[in-house]
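As written, the chains take the letters A, B, C, D and E, and residue 1 is the first residue of each chain.
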């Protein structure tokens, strides 16, 4: 439905946006306000304000334990914040049950995959679909009511599985998939429901680079067909390659925002997260010496963590 | 360079008696379905060997088979010349083999410290001494020693898993995607740490999807596909082998590097600092 | 034991009376017997004769008793028996009884001469004076006249004057059969099971004792659950096994009790080892699911129960024949045997708890429970740990069985299986897989079971414990000491 | 009811040879929570069968018996399966079940198949007159309860505590006892409705404590032998004077001073109990022991024996061993229409063969069947425990069942 | 030993109301556990409530159809009462809550307080509530023999009850088959595997679990009605052992299969009668009745263990599913 230009519009809109944390976006799909969640006194998430632009791919990055997954959990109703409200497409979703969040169009994947082990891959996929009348107890009894939709779902599932290189596995139990295959299934399943916003939690961790590369095209296609994407990822190549906007979290807070190139050039981000040497060859023996540069970076990061209360 | 792509097993392996030798392993989970269909691997003392390959190739299965967690149906596995085919995992641990699984690699209801304690279950007297050393490697764990591992973030778990494997001072270390889920800095650290450990005399087998990094640090690598050895060779050779790149490595990293190089100047380097206490 | 007849609060007297009864036991009984023999009455119109009345084919006995509830019988009261065309008069003896033999069936009218009642007392139900008693030949018929201090009379209502703090005790008169007696509230909060015993304190003690013993018995089930995720429905049979082995040791082989306890615990350990070795280890090895294993335990329970029945029969089997009398400690009473049981239980519980929380081994069991594959990968001998847990679990169950049987006075072939639900409730209430939770849960269950009798019918006390269980789980879905899990 | 017809005259020619062999089935608890009741009952049946067969059997053939398990109400399918087995095996009389609940589960099946069911132990009131084919030889609650209540009252107890389990046996007996006690001016201070304990109860410390705390002058224990020893031990432990304790047929037992059932000598001295049956003499108990040397108690053994003998006599009198014939003659041989009193199978059979009407004198002391197929009266023996914790007969009282 | 007689007994039992009732209860449990993964340890509670609902309403004068509706209604209400607060609990906790709830139902049912309604410990006699069902029979009152089995046509454990019972079982199987192979069943299976994942896909897990609990409970209640139509309503006869037996039957036949529960029930009750009857015939001369019955149960227990040991997935179950370790 959304023509190409809508996406282009959204991307170019972003160019105008200031690169300060918590900045307002021209056309925000998700707006979070004052969302806080602490575990035993430690603030895992403490987001003053965050907006996610519609029709673009936003990357959420940050050091381990920054609160990215927890933020996802909060947004999607899997955890309750201590305080905070958020709007999705103008509707407040705070306190709404996880399943309702998903039906509202905000679908997430799990970092630690949740494959439905004793169901086949294809069934896993079908379960992701929406609007299947057969999922109602009473209509389920009358096959003609849901059979056409089921066929459509199956077709869609098969084409996704092909893309994700899982088609040969379609009749295997999901529990027998390898770690990376589970990641792929997790993501493919989320895409079954044509969400308005898909939130991917480290979708490519453990996925073979060649396959990752081919899937990036799929993600940009998704965006181009109108889906907004918010993903957490530690693979900077991927972030750089497909994201239109990058949000950096550290210790629960949004510390930086901006287009990928700019954010990755940000010294604070480099210090706290990227490290200056992620493109150096680690095979270099010089790096192994005591007190080498990498050690220094680790120190710096640890220091940065210390400084924050 | 072209000859490295030929499916010759153990290309580039040093001569001599291997430490760990897997010969033509056949293994699988379900009866009648073989996942490994004749997989071979040698690990010489002090080597760092990488395994890469597409998802579902059987890399994790191979590691599990080496570690006695998956039944070997045929083939032979030796450690220092002794047959260890289908030897139970705890016996292997006693013989100095350590293993970090790909997923579910911490004990969620135990605290971090207890997780580490489990690492030296067989040699409890070493606990305090090793705890010092390992916590020094993972300073971010120190503050959270008493926290349950089940509450940790994905990356934090990964660190705990790695730390636990290092607790007993293994002489052979089997790592299954140790860098997955770690932030870039931590990934670099993890690889470097692996190399350091290796340089300190530990033989390492590392399975990685962060293939470029893995190939950068390892002495030799195997490419696995569909339960069989597809390629093998020295890490760097494989990294630049066009077929390997096409099939397994992808060009994302290089593409972007090129694009970035064209776009912006490289980020300034941080000043190296002294006073380092890391091992 | 002259029954005092004064205006002193009935409650105090009741206590006094009980003290005497407790202390003298058999002596009092003998005395009463003698009195009964010497004060019986013969046929009308004559007064007391020596021969007791025994009904036979041609005679019926009309036994009239005048008594002050809680105080004692009223002697020297004149009663008139009228009917069958004759009138007889008799005077109650020291036991408050007057026995009138009659030789004709029919309705008799019995009247008490109120002027002969002991000083300061009146009939509780004056309207029922001149009571009609149907008499059948060959049978005894009885009639009771209850006397109370003035002001307390009048049907079946109202607490006795002594019961200033009344209304808190159990009310047996709730149903149709019994009319609420004037004196029962006289117990107040003081008398339960004996003089100087505070009812609530006694109930709390009973709850604690039962809870602790239950904790010991159920801890093993929790360990098994904690390490393997298995709900062992045969755990009750392991409890029975302990009781039965101790029973055999003491009653059949004449071993001393302490040795019997050791033998029973050892037997439990052995059976635990065997069960794991022969059944559960192979099942685990073949990857049989936990629910299937649960069904195996149901099968085991069935087989075990029937085996016990086969070997020991259905009769209760007391471990020791002797009866350990209760001793008074402060406001409560407890028998020496129970005290010993609780002592042993507390020591063992503490030892197990310490082992589990403080030692490497305890942590290893949790590690195995979390992730057996990973545990194996870290060099933990998973099978050895699980085997060990089975041994300990069954040994604890057996020991718990012995101690519970000592406390509850007997064991029986279905002893453990009747307790099974309570044990499961205890470990769930505390938080599945948390050993300390099992103890807390069991004590809570014990207290609820005993204290609920204050307000509920006693056959509903287990139901009330289960209601509490459900309520607690609704508020804390992970049990009292369990932990919530992280998602994502 | 089959009492009104069943003319003795038509059946005079019976006696030998004409009928099929009699097949008796038992449906008694040998597993489950009431398993302790099974052995004496089975022994009673076996004793009767042995005596009948010694006397030459019935119609020239030995009486056949099939024992099946009724288990308890918790395992209801066991009893229904057993009932089906007995029916399809061709039993014409089923002796059982012990528990009223179990009987209720199978009575429709059994009586619906034209098979006579005689329970030796059912006391539930709602089984009265349940079916023409359902009889019982158990003493009605009304008689035993009446005697027990009067015994307690006559002994001078005005406040009575009742430790009763919530089962139809306990509660209906309790209702009678409580009624008698209150009618006679006494008070039930514990054990009124709502104060029953669970039939699976094992922890009596508080229950007994509460009962004692209500300061009763006497305590009656209305339970079966599985729970009674526990109650007794708790009572003694809490200092209760056991001479003021009363037992009933469900739990009166020669506990003795040794072994598994024993209490320390003197524990029960002076305690009393009621037991239906005029003189269930030691001689009868000895006979039961011959059948089953393992027996340690005899509850409902005599009743089972009577049920078997009555069934055989009814078949003999009717000249056929099918259910209908037995049903039609049971009341008559029990003496409902009068007749010559006789004891034992041999004596009664001789009389029947001689064409006489008989009135079988039940070992358990129950009288002839009434309209509702319940015993119309019962002899209730009153027993007293001695220092050796065994009971001795002190006297017996007979009670009629009030026409309902 | 009379094998013909023994086989007749086995056949009678296998086709009898007990087998039917348990088949229905196990079908219900299959929806709970096999499909949805709900560990319901209180199926007997549903059966008992169904039985009470049917009997009490009949005694109060309700016609047959209404009595059935009341039985179903009772199960629905119980499922809602039980499910609304507890379906958020983790599996093992749900197990103990359901077992506790069923015990509470039983204890309350048999307590003297409710004697007027439930008959207390004595329960409700068969003749007080069976008549409406028996009167609905098209057959004359008689005893008919079919093959070796002779039964009354209408009374109690009758041909009529068996015909109706098996019809209900067949319908239930059909329904379950349809549901299992529908998207609805797929959602339930998803919930069985990981409810969080299903939640993330936008399904209202709670509502589905409730639906499953209610539907399975209704089958339980129907089983209870069949059960008491052949016996009488006794709180104790629908207690914990019934739940255990139902579980055994389910896993014996194969959880998550359509016909597993039915097959399990047939085999369970058939073999029970067979084992005991066989023992009685084989060693009845050597051992006393007591011993035979008790050993019979020991054997039943051991057989059960062996069955699981040698065929853990149940008779109709899928071995492959078992191999996937869900833990």
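Quick note on the criterion: a residue touches a chain if its C-beta (ideal position, glycine included) is under 8 Å from a C-beta of that chain, and two chains touch if they have at least 3 such contacts.
This one's a predicted model, so the numbers in the text were calculated from it and none came from an experiment.
Student: Which chains does subunit A share as contact partners with subunit D?
Tutor: The shared contacts of subunit A and subunit D, listed by label, come to C, E.
Student: Using the touch rule from the top, work out which pair, D-E or A-C, shares more C-beta pairs.
Tutor: Of D-E and A-C, it is D-E that has more C-beta pairs in contact.
Student: Of all the other chains, whose mean CA position lies farthest from subunit E?
Tutor: When every chain centre is compared against subunit E, the largest gap points to B.
Student: If you average the C-alpha positions per chain, which one ends up nearest the average over all of them?
Tutor: E
Student: Using mean CA coordinates as chain centres, what's the gap between subunit A and subunit E in Å?
Tutor: Spacing between the chain centres: roughly 47 Å.
Student: Centroid from C-alpha atoms only, then distance subunit C to subunit D, rounded to Å. What do you get?
Tutor: Roughly 27 Å separates the two chain centres.
Student: Can you check how far apart subunit B and subunit C are, centre to centre, with Cα atoms defining each centre and the answer in Å?
Tutor: That pair's centroid distance is 63 Å.
Student: Please compute the C-alpha centroid of subunit B, do the same for subunit D, then give the distance between them in whole Å.
Tutor: For subunit B versus subunit D, the centre distance works out to 78 Å.
Student: Could you list which residues of subunit C touch at least two other chains?
Tutor: In subunit C, the residues touching two or more other chains are 175, 306, 309, 457, 459, 462, 487-488.
Student: Give the residues of subunit D touching no fewer than two other chains, as numbers and ranges.
Tutor: In subunit D, 31, 35, 38-39, 166, 193-194, 196, 198 touch at least two other chains.
Student: If a residue has to touch 2 or more other chains to count, which residues of subunit B qualify?
Tutor: Residue numbers touching two or more other chains: 29-30, 151.
Student: Taking the touch rule as given, give the residues of subunit C at its contact with subunit B in the complex, in rising order.
Tutor: For subunit C paired with subunit B, touching residues are 360, 363-364, 366-367, 369-371, 373-382, 433, 483, 485-486.
Student: Taking the touch rule as given, give the residues of subunit A at its contact with subunit B in the complex, in rising order.
Tutor: Counting only subunit A, the residues touching subunit B are 39, 62-66, 68-70, 111-113, 165, 169, 176-181, 184, 202, 205-214, 216, 234-238, 240-241, 261, 264-265, 267, 270-271, 273-279, 281-283, 287-288, 290-302, 305.
Student: Could you list, by residue number, the parts of subunit A that touch subunit C in their complex?
Tutor: Per the touch definition, subunit A meets subunit C at residues 69-70, 72-73, 78-79, 110-112, 201.
Student: Which residues of subunit E touch subunit C in their complex?
Tutor: That would be residues 33, 39, 85-86, 88-90, 92-93, 95-97, 99-101, 103-104, 107-108, 111-113, 196, 240, 244, 247-248, 251-252, 255, 290-291, 294-305, 308-309, 312-313, 322-323, 325-327 of subunit E.
Student: Using the touch definition up top, name the residues of subunit B that touch subunit A in the complex.
Tutor: Within the complex, subunit B touches subunit A at residues 29-30, 53-61, 102-103, 139-140, 151-156, 158-159, 176-177, 180-189, 191-192, 195-196, 199, 209-213, 216-217, 235-236, 246-253, 255-257, 260, 263-264, 266-276, 278-279.
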